[in-house]
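There are structures below to look over.
Heads up, the next two complexes both have chain A, just with different partners, chain B and then chain C.
Then we have the complex of A and B:
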């Protein structure tokens, strides 16, 4: 099972993302944006990693979403292959319309706004560990294929624009009904609260990740590759010192899910 | 420019109107060596290379006199862009440390961003992968007369750092911030970068052997040269004056982390190719002094000359004067020297594979000249020879022996009577912008990118990364310097900065492997400022020497890199002496590192390092009484060494499960922080009676900033820990224990002197910096 980690100018998480994918048993390589796009069809799945593609010019993800490789990814997605966009990768998938995948650019990832007790307490870039609650049933989505509804997964986030917004009033209802909401930000006990710091960036309904209607394309703001080894965990987490340097962290479940999804699809 | 035969004042006025910083006698000596009047571009080249920034003309003698730059683990001392020490037989850590003070005061965002941009180039050009940065920052008084400007500078600097570092993809894992009115008109923005490289894959910043004889190509890669940063090193070598602000703004470079990100990846591809083919190249960043500095140093350090054609350099505009092309400090550029047979492949990597021309308008790699054997530094432009001078004379620079005179320091100890209940005072100290939680700042920093972070800002005294997958070793990084001690005693400021930076890495269980020093002072032409500089260097060198490298008796911890920043001075005054030290620590297995959050109720708390009556420069004196005091903390070298190595050993032997060093705010702040960084459910109960051999009042015991640690002992390991401490001849000071109730309680002579609930403390501690940077 071979995956491509797609690299744009300004991407900065490709190496650790490939390492994390390999730790879950996937093989793969980093795929530079100006390689012939048709070579992408040789791969079984795709990850668009985090970073600042094209310097976030215009809007985060806007320029990369117009690259030829994205046209190829659109075709591969239509074929049912899994695509996971992480952080800037999520932004690119939203800008390209692959997410939420309803035919247009239906949501945006806007600047973070941290609100507590009715007051804005902070704006912009924020880096911290967070807990995600899995909102969909098992096997709903490629990147959370192995997770049960209600499972909690810890991983860090680091972004300035992860605040999911929409002008379509019916969209949220549809995303919820179709189980396209994959993760929500919650506290360590699994409680979702629409207040900073639990809702860390002001996102609608505390949404951290969504998938397309078919479930093969997933976009998430937090970084599972930074939580794929136990030693990466924060010091207050009892799992941190467990096992050897290869021991898994919670984020590895995302890559293991992708692997399982590819296996099942075959 | 006509110099020979003209009067001093005529020469002076020609130099000034051309925008040159050279003195008349410097200009005359150049004309004398050339045997003719120099051209304007030649004078600018000399002006650049002989600036304080490039030549260390005032500081070199002092640095050579005091600093120990070699050692058993040193792979490369301070002679190139970055220093290198060995981690093991295979891997090395590369470190560089610089200041970007002047630009950050004028344009905080761009100044700080290009500070990060420059320091990561210094590390990358050694062939290393840049794995972390740290940012020691000094701002003015956020509540003083200049508060609005101070806050504008502080916010801009923090923005510049995160916007650059996050986009580049290098985690910021350490730093410190101090607010002090001496920085009202002169902020300090120091930057530290570290990288990893295999010992056999280090690339030198010089022309390779044979380059002159075989006519190696000189290639410039990166952004098209423009006029930005022209005069940067000269401006950094003068005092800041408000009326010059307009002109100085033009001397500040323009950052571009996006282009740097792509360049780093292209560099990596180039390094990989040269390693596979066994080709030796020279590689250097274009930083201070721009093209002139990089090209002349790369040639001169290998004993070669250079013949360069500025027409072939890619530029943003074709009508730039030759001295601007040569000396501008356009960012995001490197210089490569390679055998001609590699050139087409090198150009392909940058111009096609990584597509620089389409990634950034005008960016590319261009061949600009050849290495020669004639010892001349020659540049040509638009059909003329614009410079033809001895490369050795140009790069050797000049030395000044500056006069020193002790500054008269007339500070006294205050006469104070503290209240019996010290809870309110402790809360006040915790809320001070210099003690309070740094969270407001570090949440802007991507501390996780690259996925190597083991300990992040706010979790312990030092950051820790596991930078090589498949390896267990970790690199710890910390920075330190206390300007208030510097105000009282420059010598002890130097010594305490070294000791604290070392304690910081020891507190997580790493051993100090190397130090860097960035020395920030006023105008060295003033004897008092130069005295402060010398005293600081003497103090930090003494400490590095007396604290020893682990496993090597009587061997100093080597100082492998550093920077001197003079002229941090304006008509309003000079900065408090600030010898900022960074310490790299190493640990064999990152899983053995400890953090500072309390682990378990019932565990015993030990104090290492008795309290002394030395509260000069303390947060307590300043916050509670508004005074500096006169007794700055000293470093008791033998005691300090024992404390540091006992702490490292006790962590390695798993006797200690959390540790925190004692510094700003004293034992009181240290204890509170250990409780506050956890989940808030564990407190502490401490009896202070044994904390000193002197008869000190409770407030002095709590707030003295004498060096030391608080250690949380693993349950049942008390006997073994005490044995270990005794083995280092350290006094046993078991002060109390971790409790399951969310409060800090301290008693003295049977009386409760502090009872502080953690919720109140958290509010004070997390709010202080937010308030100061609002």
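Then we have the complex of A and C:
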């Protein structure tokens, strides 16, 4: 099972994302944006990692979304192959219309606005460990295929524009009804609260990740590759491993899910 | 009254170059787009009682413009564009945190008590040779320059 980690100018998480994918049993390589796009069809799945594609010029993800590789990824997605966009990768998938995948650019990932007790307490870039609650049934989505509804996963995030907004008043109802909301930010006990610091960026209904209607394309703001090994966890986390460098961390479940999704699809 | 500060880079504008390249090389506007420029626009609502808006504009520019790398032009109330391009104004229709911060900074830290509101936007200057340049500018705005879930645009001719 070979995956492509798609790298644009300004992407900066491609190496650790590939390491995390390999730790889950996937093989693959970094696929630079200027390779012939049709070569993407040789792969079984795709990850668009985090970073600042094109220096976030115009707005995060907007320029990368117009690259020929994205047109090829659209075709591969239509074939049912899995795509996971992490952080800037999520922003690119939103700008390209692949997420939430309803026919156009259906949402925006706007600047973070942290709200507590009715007041804006902070804006912009934020970096923290967060807990995600899995909101969909098992096997709904390629990147959370192995997770049960209600499972909690710890991973860090680091972004300035992850605040999911829309002018479509019916969109949230549709995403909820179709189980396209995959992760919500929650506290360590799994409680979702629409207030900072639990809702880290002001995102609608504390959304951290969504998938397309078919479930093969997932976009998430937090970074699973940064908690794929237990040693990456913060010192206070009981799951932290200091000795065994290969011991899995919670983020690895995302990559293991992708692997399982590819196996089942075959 | 409203003081407008149009600000542009003296050095090459990499963002404008990237947007132009994307339109030409990725989006099929090689026959329509002749040139593209970018300006930042601060529109600052101030008390009508301000006696010398020109002087106030200069003092505001000292805070909002980095003259080591940027130039600016100030005007009161209306904005006159030079012609030869379609100016497309793009801003946020959701709350603009940077504009709110700028207003707080000007009023509460820097003593500009006369400031009543601050708006921030970008002017994309599209030199177009299509038959209907305004229509083409609208299309470019909707296909690339904005995400309608957070941005608005306005053709300013």
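In this section, the second predicted complex is superposed on the first by the 264 of 266 C-alpha atoms of A that agree within 3 Å, B and C clash if a C-alpha of one lies under 4 Å from a C-alpha of the other, contacts with A are read in each partner's own complex, and residues count from 1 in each chain.
Everything below uses one rule, namely that a contact is a pair of C-beta atoms (placed from the backbone, for glycine too) under 8 Å apart; a residue touches a chain by one contact, two chains touch by 3 or more.
In this text the structure is predicted, and so the values were computed from the model without any measurement.
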Query raised in the report: Sharing chain A, do chain B and chain C clash or fit in the superposition?
Result: fit
Query - Partner chain(s) touched by A:189 [first = chain B, second = chain C, both, neither] - result: neither
**Report entry** Partner chain in contact with A:226 - chain B first, chain C second, else both or neither
**Finding:** first
Query raised in the report: Which of the two partners, first being chain B and second being chain C, lies in contact with A:150: first, second, both, or neither?
Result: neither
**Report entry** Partner chain(s) touched by A:16 [first = chain B, second = chain C, both, neither]
**Finding:** first
Query - chain C versus chain B, contacts on chain A by residue - result: B
**Report entry** Angle, in degrees and to the nearest 10, that opens at chain A between the C-alpha centres of chain B and chain C
**Finding:** 70
Report task. Applying the touch criterion given at the start, work out whether A:124 contacts chain B, chain C, both or neither, answering first, second, both or neither. Result -> both
Requested in this report: Report for A:111: first if it touches chain B alone, second if chain C alone, otherwise both or neither.
Outcome: second
Report task. Could you tell me if A:34 is touching chain B, chain C, both of them or neither one (first, second, both, neither)? Result -> first
Query raised in the report: Which holds for A:55: it touches chain B only (first), chain C only (second), both, or neither?
Result: both
Query raised in the report: Touch check for A:66: first (chain B), second (chain C), both, or neither?
Result: second
Report summary line: Shortest distance over all C-alpha pairs of chain B and chain C after overlay on A, integer Å, is 5
Report task. Jot down the residues of chain A that show up as touching in both complexes, chain B in one and chain C in the other. Result -> 54-55, 124
Requested in this report: Show which residues of chain B lie in contact with chain A when the two form their complex.
Outcome: 162, 166-169, 257-258, 261-262, 353, 355, 359, 442-456, 459-460, 466, 469-470, 472, 590-591, 595, 597, 678-679
Query raised in the report: For chain A, which residues are in contact with chain C within the complex?
Result: 54-55, 57-59, 62-63, 66-68, 95, 105-108, 110-111, 113, 120, 123-124, 165-168
**Report entry** chain B partner contacts - residues on chain A that touch it in the complex
**Finding:** 9-13, 15-16, 19-20, 32, 34, 50-52, 54-56, 122, 124-128, 156, 158, 223, 225-226, 228-229, 231-232, 234-236, 241, 245
Report summary line: Residue positions on chain C within touch of chain A in the complex are 14-15, 18-19, 22, 26-27, 92, 94-95, 97, 101, 144-145, 147-151
